[in-house]
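Think of it as A, B, C and D in the order they're written, each chain with its own count starting at 1.
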Amino acid sequence: MKKKITGSLMLLMVLALIIPIGLNAKVVKIGVQAPITGKYANEGQGIDQAVRLIVEQKNAQGGLLGNKIEVISEDDEGTAVKAAFAAKNLINKKVMAVIGSYTSTCAAAPQKMYYKAGVLQTSDGTSDALTKHAYWTFFRNSNPNSAEAIFTANHFINQRHYKKVAILSDYSSFAVGLGDAVKKEIEKLGGDVVYYGKIKAGNQNFTPILTKIKSLHPDVIYFSGYYSDGGLLRSQQVQLDIKADFYGGDANDNVDFVKLAGSAASGSYLINVPTPSLLPYDDAKKFLADYEKKYGMKIPSIWTILNVDGLRAIMYAAEQTNSLDTKVIADFLHNMKKPFPGFTGPLSWDKKGERIGSSYFAYEIQPDNSYKVISK
Amino acid sequence: MYIFIQQVINGLTIGSIFALIALGYTMVYGTMKFINFAHGDLVALSAFVGLTIYTTVVSSFSNSIIAILISLIITIVIISIIGYLLERIAYRPLRKAPRLSAVVSALGAGMVFQNAIMLIWGPNPHYYPADIIPNKIWHFGDSVISLIQILILLLSFFIMIGLYILVNKTRTGRAIRAAAINQDAARLMGINVDAIIVIIFALGSTLGAVGGMFLGMFYRGITFNMGWNYGISAFVAAIIGGIGNIPGAMLGGIFLGLFNSLIAGYISSTWADAFTYILLILILIFKPTGILGERVAEKV
Amino acid sequence: MRKSAIYKYLVFLGILLIYPLFSNSSWLAIGTTFIIYSIVALSQDIVLGKAGMFDMGHAMFFGIGAYISAIMNTVFNIPILWAIPVVVLISAIISVLMAMPTIHLRGDYLLVVTIGFNIIFQQVIKNNVFGLTGGPNGIFGIERPSLFGFEFSSDLSVYYLAFFVLILILIMIKNLETSAVGRAFHYLRLDNLAAQCVGINTRFYRLFAFALGASIASIAGVLFAIQYTVISPESFNLMQSILFFTIVIVGGMSSIPGVLLGTFLMFVLPEIFRDFNTYRYLVFGVMMILTMILRPRGIIPKKFGIIPKYLLKDK
Amino acid sequence: MELLKIENLTKIFGGLVAVDHLSFSVKKGQIYGIIGPNGAGKTTVFNCLTGIYKPEEGTVIWKGKDITNYPPDKIANLGIVRTFQTIRLFSDMCVAENIMSGRNQISKQHWYHGLIHTPFSKRDEKKNWLKVKEIMELMNLQDYATELTKNLPYGHQRRVEIARALATEPELIVLDEPAAGLNGHETLDLTNLIFKLRDMGFTILLIEHDMNLVMNVTDYITVVNFGEKICEGTPEIVQNDPAVIEAYLGKEDADDEGDEDEN
């Protein structure tokens, strides 16, 4: 009996490993590599859904250069190892371009594979490391940490005239990168960073570190991590009666920040490129409405739209060059004379794949939870 | 000084929630001698169930406090039933099996809970409404304490007193203690050990459900994977106190909460975890069965 | 070893040998990682399955191997294969230092201590100590090795490198099983006191098992760094440790086929069912419970009672 | 020649004095018995002697060397090996593997032989297995070589435990109630076995409740009650000692089950 079990399990192993995966296609394939499960699941599922919506709309208009577009999604679970597997799968399925991933780590891990396979990659990852290698396949659709840090420091020191700054980040590569950069820029402008610490994402209890910060009497608390912790930080700051302004970095710009912070959200500040609801463009508004109509929920964040913009720029380039050759598309994107009008503003890239120009805003959250722009 | 007082208040609040959850680990360990790794995820599940019930019933009550009490009771009932089913399905068949099999079964059950939450409520965080407990703050000099913190401290205190009386002063409690020392002997003395185990799972789930809803009310945001963090912390608290030892879990929870606060406040938040676990390891090196110890009888 | 057992191993290794012929590059990567994870699981089995110590922080040693070799390679430009002896030595020393004060703890307390070490390790690498570990980003740009002029630059060559190491480890574990040391592990797991009373220095053997498990896991860590050329902290966190722990229990403690099958079920199976994205881990949890209920000693439990033939001859 | 000498041994559990300044000595080649009613502290003496408990006071001297507070494995290495009142075998393993455990301290293999076999280690393996075979034949266990010990009848398990002790090549064998749980026939076999072991040159120290067995096999007896020695001497002397009779009177009937006292 036992032998049979062992034998059949072995057979299963063999079969499973040899399952052929071959799809030949007359369609253009677009890959989505995103954290569909795991702790960033809502962002990952948002990217997946938004890409599918764009593609559906494009197919309804006759597809890309007459070809039908097919979306292939791979879950990277927010970890580098799974990101590598996901990327291999996408490469094998012969996708032309990959949208994602959401986190810098998962975008960085397979970067070289996409480069070697000549697959275009567009990600919202903001880690400066992503454009270090200047792979021709890579296009960042957001702005890097360094740009945001310069804006933040300038805003703090020259516009708000803060003297003492407390900086918090979590342990993610993105937040540490942004936190480090902001600290550096603030010190460059002569500001005093009285505290720089890290919180553990998802820990929820931040009162110890906030109490510590309270004793240092900073003018402002800046948090470079994600909304899920930022909202709680703000709420516990108010609860502990700490009289300092609260600024969240771009990853705090999520509808859930306000929900978490509750009444404390009012009077806190965020720094980001324009939020979805503030996007001034009509086609962006229409897309947001379409998304809400189709999926019955709001788009999770600006990151979703940035990723969608990456995809739209690639499709635009294919149509302009009348080519599906990734090299041709990349060359076009690197040398655009006239930027492509994206949902999130004009898009164009330098040779390293860095998105040119940045349009950061500082917002104050109003009592009715709307945003008021205080600095552009 | 106010910083210290503030850190103590912070630590006591989170510590009493740790203690409530740690009791669930310790009671199961006491009788069944295995770590119920699914307990943390059960706590997360109760936070979600509690919120759903609250949003359903809140409109029927004028007072949100009554609504939250009603939801708490319903949640306790539901989670206790789930706790019972967990024991019945995933653990009872393994009573005679090697202990590690039950541990793996518990890990599997935790995975089921976590993913079930994600499938039912979605991957996005959910939020307890901000107005459940009035947002009231008292000042002592520069230290502050909020109404919700006072409520958590008081309720946890009374629950733990109640549990202590139940275990030490009642017939059921005596049976629980007897089953913890020796199941076979207890059975011979006419104690229905199966029933005791059901009671223990129901009690542990009840405490976990209270802890889960406290978390929701205090921090508001709840996520499908939150159970893991609290589970590990509470489990560590149970170990520090001496696993299987009920006052030990209470002490361990409070101790861990305070320690976390003071470390993050006075030494380094960046290394808070490392300090916590170094402390844990040191405690175990010098007190190999936790602060209050565990009853271990090795037959020679 | 019985003949039938030898055939089974030959079949298994034969499948692994020709497997790359049938797989595309993503399945080749999964195959390579399967082999690497198998090595880690086998090393976890030495500690948990054979010597019976509840080690739930084994991914730490896997990580130590990966990190030390990556640092040596990227910072000091030392070819990564040269890192192996250093890695083995360092992880053996670290494991012994860790285990000396804690090894006497009873099962569950040791389990918590090892969880604690794993979490401390995570914090150390995430905090980018001495600027070497790269913080949460991890380490990029690890170079693949070359040996006697042969470059292990292709994924296929890395697969066979890992395969070769797996064979060595399997032979070593077979040797362990038929030696005084290996039997001592079993004795102390089954009854520590009885083992001591027949003169077995159980403390020494526990430390040795720990050091051996740590060293092998760290070799797997080097392979991991070679395969991915990028390493980051979450590949070595507590969830990974729990995975390796579960592999051993599900497969069957101290049973080599069990551990290999466990690795397959716990690691490869979820990859096969990728298409079921959101549901697969729910089903997976149910499967874990069911497996334990149906086969509480693991799917392929260890068989004892295999002794040399010359003991049976004149029966 | 005095092989083992115990002086003023005292062990206290909480407030209870389990062993109270007990002294006795065992000569080479003797079969030495320790008897006493339930709860008298006999097993505690053995546990102190074999390093499982640390005594509060007193010394254990082995061949002139103070071995008090040595760990159990060190004591076994020196040639003192014990059996347990509640049999402690490696129950998932077979008879031969159980006996082989005793060869661990004889084996010359080094730690690295666990990784790589050399001609030396292979010879060493073979030598030790053959010795196991020899012991199995001696103990009439060869038919059960590959049987898992948990499947064996109780009497056989006892024999395996003694065989395992023999495999360590000890000088002193300490038997903790070897007849407990055995039927009359098995007890008789045991008696013969004990004599056989003595003839082979082993010294034997045993605790026993079975008076017949004790009186038949032992050369010298120490009687313990409430942790204290109340009498010692040859079986004839002990049997007629009034203190012993008093200690045992009225207790005899309750004494047949093992003593669970200090566990």
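Keep this in mind: a contact is a pair of C-beta atoms (placed from the backbone, for glycine too) under 8 Å apart; a residue touches a chain by one contact, two chains touch by 3 or more.
Given the structure is predicted, the values throughout are model-derived calculations rather than measurements.
What is the graph distance from chain A to chain B, where chains are linked when they touch?
Minimum step count, chain A to chain B: 1.
By mean C-alpha position, what chain is farthest away from chain D?
Ranked by distance of C-alpha centres from chain D, the top chain is A.
Can you check how far apart chain A and chain C are, centre to centre, with Cα atoms defining each centre and the answer in Å?
35
As a quick test, compute the distance in whole Å between the mean CA positions of chain B and chain C.
Comparing mean C-alpha positions, chain C is 33 Å from chain B.
What whole-Å value do you get for the distance between chain C and chain D if each is reduced to the mean of its CA atoms?
Distance between chain centres, rounded to whole Å: 40 Å.
Roughly how many whole angstrom separate the Cα centroids of chain A and chain D?
71
Got the chain B residues that touch at least 2 other chains?
118, 270, 273, 300, in rising order.
What positions in chain C touch 2 or more of the other chains?
Residues 127, 193, 278, 281 of chain C touch two or more partner chains.
Tell me, which residues of chain A touch at least two other chains?
Each of 37, 198 in chain A touches at least two other chains.
Going by the contact rule at the top, pick out the chain A residues touching chain B in the complex.
For chain A paired with chain B, touching residues are 37, 39, 41-42, 45, 197-200, 202-205, 207-209, 211-212, 214-215, 228, 231-232, 235, 239-241, 256, 259-260, 262-263, 300.
What residues on chain D touch chain C, complex-wise?
50-52, 71-74, 76-77, 81-82, 84, 88-94, 96-97, 100-105, 107, 109, 111, 113-117, 121, 124-126, 128-130, 132-133, 136, 142-143, 145-148, 164-165, 167-168
Of all residues in chain C, which touch chain B in the complex?
54, 101-102, 104-109, 111-113, 115-117, 119-120, 122-124, 127, 193, 238, 242, 245-246, 249-250, 253, 278-279, 281-282, 284-289, 292-293, 296-297
For the complex, give me every residue of chain A touching chain C.
2, 5-6, 9-10, 13-14, 16-19, 21, 36-37, 73-75, 79-81, 84-85, 88-89, 91-92, 104-105, 108-109, 112, 127, 129, 171-173, 176-177, 198
Name, in rising order, each residue of chain B that touches chain A in their complex.
These residues of chain B touch chain A: 3, 6-7, 10-11, 13-14, 118, 122-125, 127, 130, 135, 137, 139, 142, 144, 146, 215, 219-221, 223, 225-226, 229, 260-266, 268-270, 272-273.
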